[in-house]
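Chain naming follows the written order as A, B, C, D and E, and within any one chain the residues start at number 1.
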Amino acid sequence: MSDNGILRVVARFLIPLIMLFGLYIQFHGEYSPGGGFQAGVVFAAGWILFALIYGLEDALKVIPQRAMYVLAAAGVLLYAAVGLLGVAMGGRYLDFYPLLDSPHAAQQLGIITVEFGVGVTVATVVMLIFTMFARRKSEWKAILEEGDEET
Amino acid sequence: MSTVLSFFNYWVVVALMMIGFYCVIARGNMIKKIMGLNLFQTSVFILFVTSGKVTGGSTPILREGVELYSNPLPHVIVLTAIVVGVAITAVGLALAVRIQEAYGTIEDDHLGDDDDDERLALEARQRR
Amino acid sequence: MLPQISLAGIVLIPFLGAVAIALAAGRARLRNIFCWASSIIFLLAVLGQVAPFLEGETSRQVAWQLLPELTIAFQLEPLGLVFLLLSSSLWLLATPYAIGYMAHGGYTNLSRFFACYAIALGAAAGIALADNLLTMFVFYEILSVSTYPLVAHTGTSKARRGARVYLALLLMTSICFWLPAMIWVWASTGSIDFAAGGILEGQVSPAVAGWMLVLFMFGTGKAALMPFHRWLPAAMVAPTPVSALLHAVAVVKAGVFVVLKLALYVFGIDFLREIPLTDFVLYVAAFTMLAASLIAMHQDNLKARLAYSTVSQLSYIVVGAMLATQVAAIGGGMHMVMHGYGKITLFFCAGAIYLASKKTLVSELDGLGRRMPFTMGAFLLGALCVIGIPPLGGLWSKWHLVTGAFDAGHGIVLVAFLVSTLLNIAYLLPPVLRAFLKPLPAGESSSIKEAPWLCVVPLTLTAAGAIALFFFAGIPYGLMEAVFE
Amino acid sequence: MVAVAIVRVRDLFAAAMLFAIYSLLSAALFTVLDAGDVALTEAAVGAGISTILVLAVLALARRFEHPTGGHNLLALAVVFITGAVLIYATLDLPEYGLPDNPAQVHVGPHYIEHSYSDMGVPNMVAAVLASYRSIDTMGEAFVIFTAGLAVFALLSVRPRRREAGIVPRRPPRDSEDSDQGDKADE
Amino acid sequence: MNIVDLMPFSVLVPLIASAVVAMLPGRTLPWALTFLATLISAVIAALVLPAATDVTLSYPFGNWPPPIGIEYRVDAANAFVALLVSGMATLALLWAPISVNREVPKRQGPFYALFLLALSGLLGITLTGDAFNVFVFLEISSLATYALVAYGSDRRALLAAFRYLIMGTIGATFLLIGIAFLYMMTGTLNMADMAERLPEVRDTRSVRAALAFIIVGLGLKLALLPLHLWLPNAYAYAPNFVTIFLAGTATKVALYVMLRFIFTVFAPDYSFVVLPLATVLMVLAVAGMFAGSWVAMFQVHLKRMLAYSSVAQVGYMVLGVSLVTAAGLTAAFLHLFNHALIKTALFMAIGTVMYQTGSAKIDDLRGLGRQMPWTMTAFALAGLSIIGVPTTAGFISKWYLILAAVESGAWWLVGLIVLTSMMAVVYVWRVIEAAWMTERPANLPMVREAPLGLLVPTWILVALNFYFGLDTRLTVGAASAAAEVMLGSGVSGVNP
């Protein structure tokens, strides 16, 4: 697939758009449908498209597997940290009001941060899962070839 | 008449649920099973969302001039549940891949009994 | 003067001994020292209780709060003291016998053996001193479980099968009948403490109590009422010291002790007479008495014959309890002691014969009397004691039992006693007669001589004890009589 | 109808495609039911991720489902009992879409009335999701994280040739699919 | 910081730690942090229990008042269960490192992270007061469990995990259907709020069906008889550490949630009157006791044997519930606790044997008593506990169970309980006989006693079995408090 010129050209336009759309969903979630989860999925979808067209190895150069793994954990930690911050500032867990003086701003800050955490986790986990499945195929091939040599 | 109409939605849900459930139990292929699971869950989502719908209401995003909103709570529930669903799908498929490697098939009917050495040992014991 | 230690302490001695024996694994001398030490200390501790007790001192001790409102508690009362004296004195005699027998017989794994032996004694002490049903049950189960490794000691498939039957029957009866009965008593009276004269009267109707009685009696599998007697013959696969433990020192004695204790301290003799189902149990026991004797007559294996004899003798005691008269109950308690001394002598002899000649069948005993005069002489005394012929202790207990049956007006039981005694003679005396009167079969090696002295001395002592009990029968009688004061 | 087709079709590739269509249809249904967020998610997940994953697995496994002998009566019975209970249950459910159903009068309105004054966020779904019920959402994030870990753990084990002599299957649309299938039957 | 503010951290600490543990390299570090997190969780749970005995604690997340937000709602019942779960997890972790190093040689970070997720999922289910939150945390723990089971070295572990996944998801979805109906009828997801609003709509078919769906869904997780199919294989082929952890916790939590729904959300006078629930539960419990024990008697693989025994023991607990009396519920809670102790000890002993010999087949255990005396003695003693020999924890459960049955006048149940106990004797004794009363065949390898790292935790549990068999103030007190909470004040019991 990676040889197809037209696809490459289309993808070159499309992928940035998808990513941008993902970011829009992420940070516009309070005003329109969408939020961290959907954004993460869309963002990951853009990356997967990239991987399908340019090959997995190239895609992994953009975001290495190790980074996905770490970011996935970092995302949930971010979420949890916001909750802990609420406790540290004298509220309950996941209480956003103590974060800032203005209640609305505090809530919005809290919501945006946790949604971002969700977004990061979802995007990286989806990418990670895709990578694992796609990797598997090449690993099988390698083994089959080894096996052929042996026999 | 209105009763029938008002329940139509629920019955669609029930029909979908039954199809999905059947797919899970009766189908041997693991991928099919997972698809069935998805169908099954989706039907529950529809049930949930249905419960939040208010006739004439609109998407629960605050706008000028809209008075009647549908209930946002079921939407939140379903969002979370969808995420759970996809997580299960991913894990299930990963398991299916490993099973394919280990057994060479993902047809559930062909698996299990063939190398159940406990059972074989038990039979041997009973014969004795 | 002997120091008086707490009741829980008495129970603890054998357990501590067991730990010491287990830790001495691999060092035979040290282990034997521990065996001796624990049995001697145990006997001394028991004797230490006697004097204060006779002076009318009662001691009760709550050792542990096991469940809310339910405790592990100990109390010394006359019946328990009888049982304690019996088992502690017999343990001291059994210890040298067991050491000699096991060492001579080439058995291995002796630490486990002696540790379990000691635990069994501790459990027997716990049963003897139990102040409530729960405590009794706890130690009863410890006794069952701790004797399992003893029965299965040789590890052959035959031994394992026998031990399996042994454990299965004992656990099954106790868990299936005893435990529900105990919980039933607790649920309906709110108390499971023993009290002289019983605790059930006025709390439950005689009909209900009858069902409890049936559950308790069949639940006490160690008393070997038919049809739950199979474990005793099955356990014959064990080495002889174990048989002695089972038949005389602890296990079956614990069974009949439980029966007596239940009759006197839970149901109460007066209430027992009102219960319609008492007679049912009585007849079952009488039947067991006769049937087991008949079976014993046809056993050629000496130990099996003795085992069935035990089944029969145990039923004497159960009958004594179920006759529900004071005299019969006293007779039952005395028979516990008399039979203990008589039967342990018989088993010691059987073991000694096996050790010396590898013979196990009655029909092989011809001519052995001259070769093993002490052993066979003791056998004769033991047999006479079990049968109940003077000048041996068995006479007194049977006398009281028969008197009790007569008082209660149970003619059938009276007849059963007489027939059974005749049967006793018919199956216990032939081995002795064969040994003394028949010549050695031709071709038999004449090298057979007495078993090692470690085995012979104890059996002579127990035989002497059986004689002594004829003259000092007043001691158990006095103690039993104290139960009714 | 699509759902039935998914169950019936033996070609798993086709089933996956049908499944994507089904997801899109249900997304449309969600939109009709005023659940914009849900619709977006269902579209992204059902038509997107799930399909991609299924296809990725199909690349590894056999494409055609093995025919099962007849219908599974027990399964049918279980399904019909469940269905019957469900139908039974729906008979007493509040009528569809009425504004005075219990769900509409108890907790839900609170969100509708207060979410803006509480936090100045017009999208009530986002408000409920991330603030009112944010521990749920945190749980959801952890579910995803768990799934990632699980898949990682499962698939980071390098595949080995098994002693049983089972050869991993080549990518789909290979001509040897059929005889491989026979092998698996043994 | 008072105790209420501390309470949710029993769940949150392991949850958050899981994300950190996932990233840690090597072996020691992940284990150490996991242990620390679990220990903290257990300590918090231990602190919460006395506080929750008198008064119900509520912790609203995000400070939103309960029906609007989500609360953790802790009373005597779930504080008890939470302490059990986190305590068992701590003990299991003590056992873990040596065995896990063998079974999961590389990349232990994800493994322990999944364990923490499973644990915090279970704790979350236990503490939460929100019906949907139950579902979410149920799925966290389930997903993590599927993966943990699949770590097993036998390839059948994969199959077991897959089937577990399918069954588990069906169960969870059933639960979700039930919650959906309840939501549609009451408009709330908070369980306490639901309980208040349910009486208005109690006589509708939907509510009845909701109850049925919830029972079936949780019954799957609980491995109640016809729904137990996933359990034996999952337990048998999972890594030993995972089996140990699951045996002590997973089904217990499922039972607790089921009780919570039956008794708190639907009042007992509803649950047991509208549906023939008591009868159904009783029949299933008895069938489970019998079938589980029966099949266990013929198992050759000891982990499977213990797994079937678990099915039977679940039967005991459900039997206690089905009596619908204070005594019955106390017995259920007691057995829930005691069985966790027993099974964990048994699985630890078998796991230790597997670690040394590589096999858990009964024939490969022959003569092992002399070669691994400490391990096999531990097994024997824990075995006595499952039989219900006095002075062990198992006896206390049996005592209360039989007492409850006697009080209800259900003599046939007494008979069945003691009969299945006898079956326990059979399956335990097969092992003891093989280990102690048989010589080791020449073709089996000679092995030595296991390392102390495995023995010590096993013996701690055995000691606990005896401790709680002798000192019952703590367990009986907590269990009866939990039973009272479930029945609510003044409800003495409804027996149809």
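Following the convention adopted for this analysis, a residue touches a chain if its C-beta (ideal position, glycine included) is under 8 Å from a C-beta of that chain, and two chains touch if they have at least 3 such contacts.
Keep in mind that this is a model prediction, so the values were computed, not measured.
Counting steps between touching chains, the shortest path from subunit B to subunit C takes 2.
Path length between subunit C and subunit D in the chain contact graph, taken as the least number of steps between touching chains: 2.
Setting subunit D aside and leaving every other chain in place, the chains that still touch stay joined as one piece. Between the interfaces A-E and D-E, more contacting C-beta pairs are found at D-E. Set against the Cα centre of subunit C, the chain with the most distant centre is A. Legend note: the chain whose CA centroid lies nearest the centroid of all displayed protein CA atoms is E. If each chain is reduced to the centroid of its CA atoms, subunit B and subunit E end up 26 Å from each other. The distance from the centre of subunit C to the centre of subunit E, with each centre set as the mean of the Cα atoms, comes to 44 Å. Here the CA centre of subunit B is 6 Å from the CA centre of subunit D. Among the residues of subunit A, those touching two or more other chains are numbered 31-33, 37, 69, 73, 76, 80, 83, 93-94, 96, 122, 129, 132-133, 136, 140.
Listed for subunit E are residues 15, 19, 22, 61-62, 132, 136, 139, 143, 146-147, 150, 155, 177, 183-184, 189, each touching two or more other chains. Those residues of subunit C in touch with two or more other chains do not exist in this structure. Remark: the chains found to touch one another pair up as A-B, A-D, A-E, B-D, B-E, C-E, D-E.
Within the complex, the subunit B residues that touch subunit A are 59, 61, 79, 83, 90, 93-94, 97, 101. Residues 36-37, 39-41, 44-45, 48-49, 52-53, 56-57, 59-60, 118-123, 125-127, 129-131, 134-135, 137-138, 140-142, 144-145, 147-148, 151-152, 154-156, 158-161, 167-171 of subunit D are the ones that touch subunit A when the two sit in their complex. Note for the complex: subunit E touches subunit B at residues 132, 135-136, 139, 143, 146-147, 150, 155-156, 158-159, 161-163, 165-166, 169-170, 173, 176-177, 180, 183-184, 189, 298-301, 304, 361. Chain contact summary for the complex, subunit D toward subunit B: residues 3-4, 6-7, 12, 15-16, 19, 22-23, 26, 29-30, 33-38, 41-42, 45-46, 49-50, 53-54, 56-58, 60-62, 65-66, 68, 71-72, 74-76, 78-80, 82-83, 86-87, 90-91, 93, 95-99, 101, 103-104, 107-109, 111-112, 115-116, 122-125, 127-129, 133, 136-137, 139-140, 143-144, 146-147, 150-151, 154-155, 157, 159-160, 162, 164, 166-169, 183-185.
Listed in rising order, the residues of subunit B touching subunit D in the complex are 2-3, 5-11, 13-23, 25-29, 31-32, 34-36, 38-39, 42, 45-46, 49-55, 57-63, 68-76, 78-80, 82-91, 93-98, 100-107, 109-110.
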